[in-house]
Each structure stands twice: as structure tokens, then as C-alpha cells.
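Pasting the structures in now, so scroll down.
Each of the next two complexes has chain A plus one other chain: chain B in the first, chain C in the second.
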Partner chain A sequence: MGRLLRLPLYLAALTMLVPFYWMAAAAFKPVPELTRNPPSFVPGDPTLDAFYEPSYDPGVRADQTVAGLFQRYPDVPGGFLRFMGNSLFVAATITVLSLLIAALAAYALTKMDLPGRRAIFVVVVASMMIPWQVTLVPNYLIVRNLEWLNSYQGYIVPALAKAFVVFFLVQYMRSIPDDLVHAARVDGAGEFRIWWRVVMPLMRPALAAMAILVVLAEWNNFLWPLIIVQDDTMANVPVALSRLNASNAFNPNNMAVIMAASLLTSLPTVIFFLAFQKHFTRGIALSGIKG
Partner chain B sequence: MLLPFAGLFLGFLIWPLLNALYFAFTDFNGVTPPSWTGLDNFRRLWFEDPRFRTALVNSLIYVTCTVTLSTVASLALAVAFRGTSWRDRVLRTIFFLPSVTSTIAVMLIWRWIFSGERFGLANTVLSWFGADPVSWLSTPRWTVPLLVIMAVWGGCGYGMVIFVSGLNAIPDELYEAARLDGATDWQQFRHITLPQLKPVTTYVVITGLIGAFQVFEAVYIVFRGVSSVGGVQDGGLMLVPYLYDLGFTRFQLGYASAIAWTLFLIIFVISMIQLRVTRALREW
Partner chain C sequence: MHRRSLAAVAAAMLLAAGCTTTGTSTAPQEDAEGPAELLFWNTGSDEQAAAVQVAADRYKELHPNVTIRVQAIAWDDGHAKVLTAATSRSGPDIISGGLSWGIEFGELGGMVDLNGFDLGQAKQQTRPELWNSITSPGGAVYGIPMDMTLYVFYYRPDLLQKAGVSAPPATWAELFTAVDRLKASGVATPLVEEWGTFEWLPWFNYLKQAGGSLYSEDCTQVTINSEQAVLATTTWADQYRRYGVPKATVDVGAGLAKGEYAMAIGASYLAGGFDSGQPELRGKWQTAALPTGPAGAGSFVGGKIVGAMSYTKHPRAAAEFVKWLYTDEAVEILQREVFTRGGELYISPRPELLAKANASDNLKQTLQTTLNSVTGPPNCKGWETSGSEVSRRLQAVVNDNADPRTALAEAAAVMQGNLG
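The block that comes next holds the complex of A and B.
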């Protein structure tokens, strides 16, 4: 049966790649070629104009020259790189902080004699079924009242409590023998010291798997930034992409620029994924099997 | 040590959840204080609002098709490419790529592919068969099918990874015994693989359902109409886009909260079914 199934699936794999190929090809096409009919499958005259167009002059309006990606956003210091920086900073901060917070909570729930810790764990697990969009309106109001709209705090703080990460780390932490913790307590170590020095090093595989899932989710996060970002300077890449699209949707000449931006947005995550593939699939697999 | 998590958890999840419930019973525009209107929002939503009905019906069709197709596709992919050879690994990577690519970037690519002009890729392929170009994005009839195609393309790799690990957890002895008894490949699949995969399948289906009910980006980026986020004639309007439209472009925050809680209830019911099914499977 394997053989029979495979042939059409190889074809499917090829078609899977078509959208990616189409994006990459479009990003290197010169303007007139973009709207050629029928379209060209290989850029006949590949160009970097979509990234930087040397003959572009903002004072002159011409049909055939459009600003390259890095020439846009004259009001934003750093231009498109600023959005990548925003995304990177927000994703990295949320990942580090939310993992630390979740690991602390997991330690308290598995290794300390907390009254009612079973009940707390049940509430945390139950909360995983709350679709986060339900909290969208109230969280928007909270962030607005704190005057955190358009700020990094607005991005970061509401995203820090991740019930799923706590659940996952608790499951993993249960496999660490309590005797280790008891021995450290007998030696006079404080709880924070035991957590950081004894338990955390043993948690490395679980933390790595979660870190990768969280980084990617936050890099690609869209709806929340869409709501709290008002000023271009604070946009992350997905919001910047969507605005680029909205303001150029009806002009096909800008399509190469949009595809170039999409390419630059996707490349880091793809490279990141290829580098950490093993941890990545393990994280997903573990979450699936235990669910 | 529980405090940082507990504080953030209560402040940005539980408290907002309860707040949303309160707003759902009020008329609230975000500026003047909410005024209590009782069940009025829900009555309007469930009995009088044609746009909500469109959103709900679209969601149900979309969710059913997406989950069915991508579960079958990811199971087939997992069975075909479960091995450890380099060829299987490369193919698994290819199918997984959409899951790591920025959703917005992916949606912009689809928008370009389904462009209504002759230079759109989809219309070019059609023209090879002598067909006339279709204006894909502005034909309401096409909206949900296109969304399903995009979702299956983007989601089958994720399910595949879970199925692969499920397949690898099935003991080899079962297959060896079956082969000794002369079972065909199909019989082995039917009587060993499928039953053994039941818990994993349940997980994939349920998380798929929950995820599909929350779709937003695809509708917002690919089908955004001139005056609403639902696409032409609301052909692609679904629950979260409608929530966004009412809450953040029309500032009917109370009404939007009623939609939010409706979404929560739907997902709550699905999760309850999952709990039941997993428990039943464990005993079975």
C-alpha cells in the first residue's frame, strides 16, 4: 500500500512548494513582467528592484518605478528592518519571560507542598479551552487604561501567562524524582536555588521544545498587534505586511515588493525551523500524544 | 513561586473572561460606561442578526470540510512518510513548511495566486484547459472552498507530525503477528493501525476543530472587502472576523462580547466531547 500511496503524494509535495516558489519568483521580477499574460514561471530578467530600486525618486510619480521595500516607510527609523527588530524583540522577550514564569509555576505545583495545588492545576488545564479571542475586548480595554497601546509592554505583558506551557512543563517535571529536591533541601538550599540549579538543567529538552513553539507563534502573531498598534513605528512584521498589502492592493506594480516582504518575513522562521527541526517536531509530538 | 503566573493568569485571562461575560449583557461602545441590557445582545445575535447567521453557517461548513480533509490528508502523509530515510525526512519537512511560515505572508501569496486577472497562477492553469478566467476573490461562492484549500495546505503537515509519532508508538509485534496470519497491507491498516491510532486521531480532530473555529487571518487578508472584513457579500464571514469587525471597526464592544462568549461556548462543548471520548477510549 505504501508504494501506491506514494506517487500521488510526491506530486502533492511538489504542489505544496508551488506557492513558495511563486512568492520567490515574484519577488525578483521587474515591474512589467509581473502582469505579463500568461505569467512567466522563471523571472526572465531577475532584479533586486523590489528590495531597492536605484532609479526611484520619491518626488517623481511614474508608473514603472515603485519604491523598493527598503525605500518605504520614510517616517520609520530603520524602515522594514525596524519591523523585523520589533518582532524579534517581542518574540524573544515573551519566550524567555513566559518560560521562566511557567517553569516557576510548574515547580510550585509539582515540588512544593502548596495547599490546593491539585485544584489550581485543574483550573490551569481547564483554562486551555478558553479561546483567547474571548478576552480580546477586555484585554484591549485593560491595555488602553494602562496607556500601553502602541508600546512593547502592551505586546508583552498580556502574553506572558501561558497555561499550555505550564501544563506541559508540569507533565515533564513530574518525571524528575522528588528525592533530588529533598536531598537539596536537606543540604540547606533554598527553593529558588533548587529550582534554578537542580530542576531547570534537567528540564532542558522540555524548555527547548516549548521555546520553539512560543517563539514561532509570537513572531507570527497578528490579531493582538493589529489591535494595539497605531503607529507604524511599533508594528511587527505581520502587521506591517498587512498594511503594505492594504495600501497597495489595487496596484499590481507593488506586488513584487509585497512578495519581497513576505519572503523576508518567512525566511527567518524557515531557517530557524530547519536548524531546530528535531526539538520542534518532538514538542508537537509530545503535546499531541499526551493531550 | 506561583505568584507571577497566578497574577498574570488572573489579570489577563480569568478577569477578562468574566469581563467579557459582563459586557455581553450590556450596550457598550468603549467610551461611555456600559449600560445593562440583559439578554438583548444574545436575542439579537441568535434570532435577528442575518450577518451572524452567515458567519455561523460559513464557520460550520468551513470547519467540517477543513477538519475532514486535513485529517485524512495528514494520516495518509504520515503513513507514507513515517520512515527515517532521508527521503521521508525531506518530504515531511516540505509538508511541514507552511506551518512555520508567517500566516500573513502565506495569505498574501494566495491572494496573488488567486488574482482575478489573467496573470494569476490559478487562472493561468485554467487557461491551459481552455477555461475562462474566474474572479476567485470576488465571487462569494468560491470564498469558503478557497479558504478550505488554503487551510488544508497549511495544516496537513502539523497533523502529519502528530500522526507519525502516533504510528511509531504502535508495537511492531502486532504487525508481525498479523503478517504471520497472512493479513494484507490494507487489513493491517484497517484492523491494527486505525484502532491503535484512535486516541491520536481524536486529538488531531478536536484540536483541528478548535483551531478552525478561530480562523481570522485568512479571511482578513485574502478576502477583505471594501466595507467589511467578511469578503464580498460576506462570503467568507466567520466568527472571529465578525467579532473583530463589530468590536474594532464598529466599536460595538458589548455585542462583540456576546459573539466572543458564543465562540467560547462552542469550543467548551467540543472540549467536553473530547474529555468524554478520551475517557471512553481509555476504558475501551
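The block that comes next holds the complex of A and C.
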């Protein structure tokens, strides 16, 4: 009976998994199989051509031969790997720095005798209600005036202040007994030392939960990079995928390449989630915040 | 929110913020021969950009001190990116994009008026309908046509013959008779539409074929609430209501290959992908000009403009390259390379060079015929921003059985409002 009741959940999970499977399968299909009607569910003759097509020659026309993923973007050193590197660097940096900043803010708001801390917290929470699109233009103008277009600081700095992370960490930090902090103060530890040595180790589940959300958001970020990046070498993976999609509009044979790129793009996030999912669920549960 | 919508929102906000600035002022270098390093954002696929790069490399051989680097930007995001560049005065030196982008970004102060660079020959070589489309009401030309996209009537002769239709339909009446016969012969969806499916772009064709127009010649009046427009709208709507044309975008090549579709009204760029994308379709498809209406033939022409950004340090070098793209040599390179690298059909804005395009004789003949009756997008203010509202009124005729006259009157009011 229990299994029967879970059946809808299995079906729902299946609907999530099928697109992933379809993407992965399509990335390894040769072009004729890819455009076959009706389509095959399992690649009959798996190939890596979508990643690297040995017979591709840009100067020779061949109907069903298109450049593999790693043969594209010849004007960008490193090609697609460069975009992945950009995404990885930006997402990792923003995640680390924004969590540190948010954890410092949460510590000040919960464990320190900060004047007006309730008002500050209200302002932080209220700022969550402002759609991020509203801040797009001011942020863009600031970044442009600082001459940070086409730069990593243009990607990273505007993304460092994250109100939701502060809010979440405040909720979690409130569950840490104040006595621990007081005891550390009695022992002569400074505030920064208490934050780093006493509080932060206890914050791991919450930090892991937030890390997953921030990494995913930054890995998938499209609009901000689209606006501030004017040179391909600084593009991230979503912007590169968008360009690939433009090729497919004219030639359906590019579909395997798009699927290969999508597969490589999805893998890091899946791996990251699988590695941290225990912390993620624990962090959500302990913070008392429900979706 | 969909990425394209996000990009559009961002673009609109940047525009609303009025963030055009003077930026860093550096005196433009006036020497056409350089030294200059120019960045060219080409809207379209990577393959198209690679093809344009070949042309740019050839230009460098002719002008050794001018280096042009071509970078692709996708159609979905191109408008937002170029708008950002135009308003922030930083980005590429040259851009290509939609036919109306030149006027739009030019009027914002983001693009160079190319009239100062002797456009006489380019103007003479371009179809007047196309040239009018890219000339602002004040006479400025911020970008000249780079390529053209035409509406083409695609069909499967074998399916038509099986249904007792001996030739591609030449008139509206013949078109809908063919639909009925094909349906009776077992073709599931005899006619499909692509390029602005169920939006106002294909409706332009019917409007022209019925003898109507969008605006008066001088752009002072909206003219879509005419009797001709009512006829066009009714016929356009009947496609969906009576003849089963899908309202959603379809894969034309796959449908033709499977025999699910027998006829399609779609963009010329589709032709390049049929044989490579659907090998079983090879040799089975043909093209013709669009069926004519009571006022004769008529077809919308789209395409791209290419122009120089106003903040470039090398306006003259950029303008000279833009003009060079009109030469026989440049067109020949683009025809060859766009086809070789992307399998796409490149249609030059110089119609006399159509004969050299990489296309079948049948397709070239179709394009040549179509070119004689094309209408470009209007250069009147606000026409493009009216698109979604007007499309919504037209769709109401199909979806809600709205009265065409009422729908057109409402649409005309929207367009008149945007005209200012």
C-alpha cells in the first residue's frame, strides 16, 4: 500500500529525469539517428562526434557534418572550456564570498549588541521584496562607470550582497545558544575569532544549503552576463548556450552539439547537489524555513 | 520568465532609464585605411559569423591596417545587447541586426548616419522597398541592408499530384482548394506557416495581396482599418479557422519529410536546412512564389542591416567596410561561406546577384519572382512596438471570433498611439 501511495512521486520523479536522459542520449547520437523520425530512445550507434567531429572541415561543405562542441569558438582561447571556466570561477567566488559576508552580517545581527539591529534586519528582509530586475539598471550603470564591463569584478561584486542568505543564516544562527558565544567572550576570544572558530563550524548545514542555492543561481545566471559581457572570452556557459541555439535555428544537425553542451553544463550542478544534498536537507530542516 | 522576455525587459528598462551618456570622449580617427581594429557583432549563428569573418579577412588583405574581428550574438539576445552597447556607448564598432534596428538605435544616438560616407552606389543597388525601410523619416541611414529574408511557398509536388493538384496554387482560391483536396487525400495538415507563426508578419502578406497597407506613404496615418485589411484579416484568419493551419510553430522540414504537411508558407532561410536536416526530403520539395490575392502578388521582406556605432573611434574605417560588403567580391564570399559553413542561403540585398546564390534553379526563380513584389517593414515610428498588441487583436478574430473591423479599429488605435 505504501509503495502504491508513492507511485505518484515516482511518476513525478520520472518526468524530471526523462528530459535529462533525453539530453544525454541525444548528445551521443550520430546526426542521421538524431534527425530520424520516429526518434530512437537509446543511441543505436553511440558517438562522440557532438564533442569532437574528426571529419569536420570548416572550408568544406558536408550536409550532415557540423563542428563538434570543442571545435567551436575558434576566436576564444580554450573554446567552450573557457566558458565553463568562467562560470566555475565566478560561481565559486560569489558563493564563497557571499556566504562569508552573509554569515558575518548574520553574526552581527544575532550575537552582537548592535544598535538598531532589529531595524537593520527589517531592511534586509524588506529588500528581498524588490525584484532583482529593478536593480539591474542601477547596477549596470555603476559597473559601467567603474569600467568593470567585461571583467570578473563586474560579474562578482554586484552579486555579493544576498539578502535571502542573510535572512536564512540569521534564522539558523538564532538556534545556536548565546551561552556558547558568551563563554568564548569570557575566555577572552574576540568577535571575529568567535564567529570563525565557534559559530561557523556549527553553521555548516545552513552554509551548505545556501551554497547549493547560490551556486545554482550563479551557474545559471544569464541576463547579467549577457548585459555586461561584450567580449566572448568573458562569456559564461548560459550565454554560450544561447549562441549555440542560434546555430540550430538554421541547421537541425546542431542539436547533438547543443545537447552535448547542455550535458556538460548540467553535470557540475548535479554532482554538486549530490555531494551536498544531506547538508542541504538538514540545513533547510534546522532553519525552520519551509518552501 | 523566459530568457528572451528577460532580455527584452532589461532592454526596455535600460531604454526607460535613458542611460545614453556621452561616455569617454576620444576623438574619432578619420582615416578609412586605419590603423584600426574593429569589433563586429554579427547577429545570427556562429556559422554566419565565421562566414563574415572570411569576408573581413579578405578586407584586411585589401586594407592591411584594418583588422575586423567578427563575433556572433544570438537573435534572441541581440537586441538587448546592442541596445546596451548603444546606450552605454561601449561595445562593438559595427553591428548587424534586424532591419528596424538601425533607425531605432540611430534615433537614440547610438549609430552613425552613413549618409556622410557616400551611399549612392549602395542605394542604387538595393531594392527601393528595402532602402525605404532602413531610411529614417528624417532621411538618416544608420545601417544598410546586409541580407534579405523572403517568404517562400514550399510544397511537395508528389503529394499535390496525388491529391489532383497539378501545379502549386497561384491564387488564394487555388490555395484553399488545394488544402481541401489534400485533406481529402489523407494529408493530415495540408498547409503550415512559419516565420512569425500566428502573428502579424504572415498577415502582412495577405494585407499586401489584398491591396492594403500599414501606414500612409508619409507615415502620418495608420491605414489598417481599411476594407482591404478586413479582407486580408478574414482570409488570414480562415487559414486557422477553416483550413487547419497550426497556430503553434512547427518543424516544417520534418513535417514535409513525413508527408504530414504538403505546403508551407515560410522564410527563405528554411530552404538551407531541408536537405541536410531531412535527407529523405531531398529532391521531394519545390518552391513557388506566394499565392496572389485580389490586388496581385505581395510578400514581406525582412533581413539584416549593418552599420557603425556612433562611439566607435574609427567611424570612417567602419563605414568603408560596411560599404565594401556590397561589392561583388564580398557578396560572392558571403554566398559561398554562409552556405559552406552553415548550410544557409545568403540572399544579398543586391538582387542582380541572386543568380549566383547557392540554391536550386527553382528556388532562385521563386526568389526572383518574389522580389518583384516585396514590401519591407515600414520606417514609421512605433511600428515594431505595436507588434504584440496588433497581433493580439488579430488573434482574437481567430480565437474569439472577434469582428475583423472592430479588431482592426482597435489595432489601428494602438498603432496610431505609437506613431505619436
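Basically, the second predicted complex is superposed on the first by the 262 of 291 C-alpha atoms of A that agree within 3 Å, B and C clash if a C-alpha of one lies under 4 Å from a C-alpha of the other, contacts with A are read in each partner's own complex, and residues count from 1 in each chain.
As a working rule, a contact is a pair of C-beta atoms (placed from the backbone, for glycine too) under 8 Å apart; a residue touches a chain by one contact, two chains touch by 3 or more.
Remember, predicted model here, so these are calculated numbers, not experimental data.
With the C-alpha superposition on chain A as described, chain C and chain B clash in the combined arrangement.
Contacts of A:Thr47 after superposition: neither chain B nor chain C is touched.
Of the two partner chains placed by superposition, A:Gln171 touches none, neither chain B nor chain C. When the two complexes are overlaid on their common chain A, residue A:Leu149 makes contact with chain C while staying clear of chain B. Contacts of A:Val237 after superposition on the shared chain: chain B is touched, whereas chain C is not. When the shared chain is aligned, no partner comes close enough to touch A:Thr93: not chain B, not chain C. In the superposition on chain A, A:Leu223 contacts both chain B and chain C. Contact with neither chain B nor chain C is seen for A:Gln71 once the two complexes are overlaid on the shared chain. Set side by side, chain B and chain C differ in how many residues of chain A they touch, and the one touching more is B.
Contact with chain C, but none with chain B, is seen for A:Ser247 once the two complexes are overlaid on the shared chain.
The single stretch of chain C with clashing C-alpha atoms against chain B, selected from 117-125, 243-251 or 315-323, is 243-251. Residues 35, 37, 133, 136-137, 140-141, 222-223, 227, 242, 245-246, 252 of chain A contact both chain B in one complex and chain C in the other. Residue ranges of chain A in contact with chain B, taken from their complex: 1-2, 5-6, 9-10, 13, 16-20, 22-23, 26, 34-39, 101-102, 104-105, 107-109, 112, 114, 120, 124, 127, 129-142, 157-158, 160-161, 163, 166, 191-192, 195, 216, 219-220, 222-223, 227, 237-238, 241-242, 245-246, 252, 255, 258-259, 261-263, 265-266, 269-270, 272-274, 277, 281, 284-286, 288-289, 291.
Looking at the complex, you find that chain B touches chain A at residues 1-2, 4-6, 8-9, 11-17, 19-20, 23, 30, 76-77, 79-81, 91, 93-98, 100-106, 108-113, 115, 117-121, 124, 127, 153, 158, 161-162, 164-166, 169, 185-186, 189, 200, 203-204, 207, 210, 213-214, 216-217, 220-221, 224, 240, 243-244, 247-248, 253, 256-257, 260-261, 263-264, 267-268, 271.
Residue ranges of chain C in contact with chain A, taken from their complex: 3, 6-7, 9-10, 13-14, 17, 19, 39, 44-48, 50, 53, 69, 71-77, 80-81, 84-85, 88, 90-92, 251, 253-254, 257-258, 269, 272-273, 275-279, 339-344. Here chain A touches chain C in the complex through residues 32, 35, 37, 58-61, 63-64, 72-75, 133, 136-137, 140-141, 144, 149, 222-223, 226-227, 230-232, 239, 242-247, 249-253, going by the rule given at the top.
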